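Which chain is which? They are A, B, C and D, in the order written, and residues in each are numbered from 1.
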Amino acid sequence: MGKGRVEAFTDGVVAIIITIMVLELKVPHGEDFSALVPLWPVFFSYVLSFINVGIYWNNLHNMFHTVQRVDGWVLWANLNMLFWLSLMPVTTAFMGENHFAPVPVAVYGVDLALCAVGFNILSAALHRLHGPESIFARALGNDRKGKISLALYLAAIALTFVNQWIGVAIYVLVAMIWFVPDKRFERLLEK
Amino acid sequence: MGKGRVEAFTDGVVAIIITIMVLELKVPHGEDFSALVPLWPVFFSYVLSFINVGIYWNNLHNMFHTVQRVDGWVLWANLNMLFWLSLMPVTTAFMGENHFAPVPVAVYGVDLALCAVGFNILSAALHRLHGPESIFARALGNDRKGKISLALYLAAIALTFVNQWIGVAIYVLVAMIWFVPDKRFERLLEK
Amino acid sequence: MGKGRVEAFTDGVVAIIITIMVLELKVPHGEDFSALVPLWPVFFSYVLSFINVGIYWNNLHNMFHTVQRVDGWVLWANLNMLFWLSLMPVTTAFMGENHFAPVPVAVYGVDLALCAVGFNILSAALHRLHGPESIFARALGNDRKGKISLALYLAAIALTFVNQWIGVAIYVLVAMIWFVPDKRFERLLEK
Amino acid sequence: MGKGRVEAFTDGVVAIIITIMVLELKVPHGEDFSALVPLWPVFFSYVLSFINVGIYWNNLHNMFHTVQRVDGWVLWANLNMLFWLSLMPVTTAFMGENHFAPVPVAVYGVDLALCAVGFNILSAALHRLHGPESIFARALGNDRKGKISLALYLAAIALTFVNQWIGVAIYVLVAMIWFVPDKRFERLLEK
């Protein structure tokens, strides 16, 4: 099966997710600057999720670029990942509207972790289909970055119950790892 | 008429349906785990509908893959199917927010049944255009799976008024039939 | 300029319009059949608008099929038409939620009329670019159907203030003219 | 990296932004003409933003038309611009619902200015990738129009606190500069 329509469908769903998130940014009541101040947690959550979904789009773009075909397993692995990604608007709003209370921060982290697991399952499904000698498999390597991200998410979820800002800081850190393509930073982190 | 734009339009509408459903998942009020518990019926409805719309996307993907062209009848048969599919976010929320009360469960089933009928009409329109000797007609066969699904939906709607969980269980069963491509399971079911 | 991206953008916007309209179908309160009854005006409005937007998609599909290129005027004529089409979810809900009161029915008709005018402007822009000898110009002909529709919409808006059901009946009639491609019906109507 | 998917993703996000803005146009309460009157600020904001987003789509269309490839910097510069554009539905509603009070009008201008800055960063990223001798660089020129727009937005934000209608008038003026491709008008303005 050709990859074209799966790519287009995935891009469509990701484009919709990244855009409808803004609908959770409720229009502030009041007409002076003080009406904007209470919005900062919702706005900061939105920025963080926009970057996270942007990273996913980027990675999906690169991943599908190196593969040639898809099968039934890939289709379902892809839908599974999109499912967890589709929850991002809700978990983002839950975290923002509760001003980064511990449980919502942890729930957001669980969603990020399940997106990461979903991405790994999709990678595995594509790896299985194309074989270990394919360009895709070599480009993916041992996916150290993906494994570190997942470990960091799990740590963040646990540490949120010590102090939720540790959790938030780790989410920002993981976004930065993917955002800034700094090799040395990665190597440092692995120690 | 080429099938390209109909395919792209259909994929677009299905991508939007599957994604805006999440807007019916209202952000929970409260900031601890107890705020999440009452969400389970809405969440479970969402999962079920995400899988159902995913199955439709999958089937439409395969169906349009084997056809070459479309005509006016196909365009309208396609829009008819998309209409019933577009009601899925509302019927899903109706079922979830009423905690699987009998009438909402039956309404959800009526929508699923009308989607299935719409899919059959679309198949028939494509069959009529391509003829019985086409690849499409041979791939479709006698569409036993589609007929069984429709029969099961009708049974589910009726049995919901005995006990609504029978209805829900049948919806899950039909989703599994399409999800798990197990030939023996199908054969077993036909008896 | 190639027509490809304008076509894709237009299809995208129309796909989103036809799908987000369902978000105005609010989930009914209550869990038995009596909760569904008051929904009928909203639902009937939705059906009518789904068919109308479907007709626009169909016509845009055919129109862009016969043209080769676009210019700045076409881009803006297209955006103008999409603007009036984008108001359809709001005017539909306005008509439905007010149970087909005269003013909302007239407002809905004004939106339909402006969509029709927008479509005529887009036709004219494409006609100007391709010349009277083009396939597009010959396929369009004197656009009798478009002119009749516009005249009927204007009549409907006026007659709504006599009795709103005359207006609604005319909207249904125009949708049928486009939906059912019956040549004799058209000829009859012209007298 | 090919530009195809970035173009498609960008078009998708812009199509969704321009369409979901209509969801902020709340259905009016009441069923006569007096119910429509209080809607004018929201409606006028919507028209202005529809034109602004339409201008962005137009410019992005032309920009991507003249480039051949993209890199990581372009992807992120593009996402940055889309981020500020994605806030347009919220800032539009904030301005409209507060009947063009000074702070909301200024906030809308800040969003427009950040979209313009984002567009300039994207231009710079594409310029850097393609070199000063490319068709893209020559088509862009010294981007006088972009710089004038940004200066006008900044002036509008400041002047809004003298009288908010000066700010609104400048936003309309900038939209007209891009909308009406009148060379003389531009030259006049530069003095």
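Assume contacts are C-beta pairs under 8 Å (C-beta built on N, C-alpha and C of every residue); 3 or more make two chains touch, one makes a residue touch a chain.
Please read these numbers as outputs of a predicted model, since none were measured by experiment.
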Numbering shared by both copies at the chain D-chain C contact, with half separating same from different: different
Chain centre separation in whole Å, for chain D relative to chain B (CA means): 39
Chain B and chain C, separation of their C-alpha mean positions in angstrom: 27
Touching two or more other chains - residues of chain C: 8, 12, 16, 20, 23
Those chain pairs that satisfy the touch definition: A-B, A-D, B-C, C-D
Complex interface listing, chain C residues touching chain B: 7-8, 11-12, 14-16, 18-23, 25, 27-28, 30-33, 35-36, 47, 50, 54, 57-58, 61, 65, 179, 181
Chain B - residues contacting chain C, complex: 1, 5-6, 8-9, 12-13, 16-17, 20, 23-24, 72, 75-76, 79, 82-83, 86-87, 89-90, 93-94, 97-98, 101-104, 107
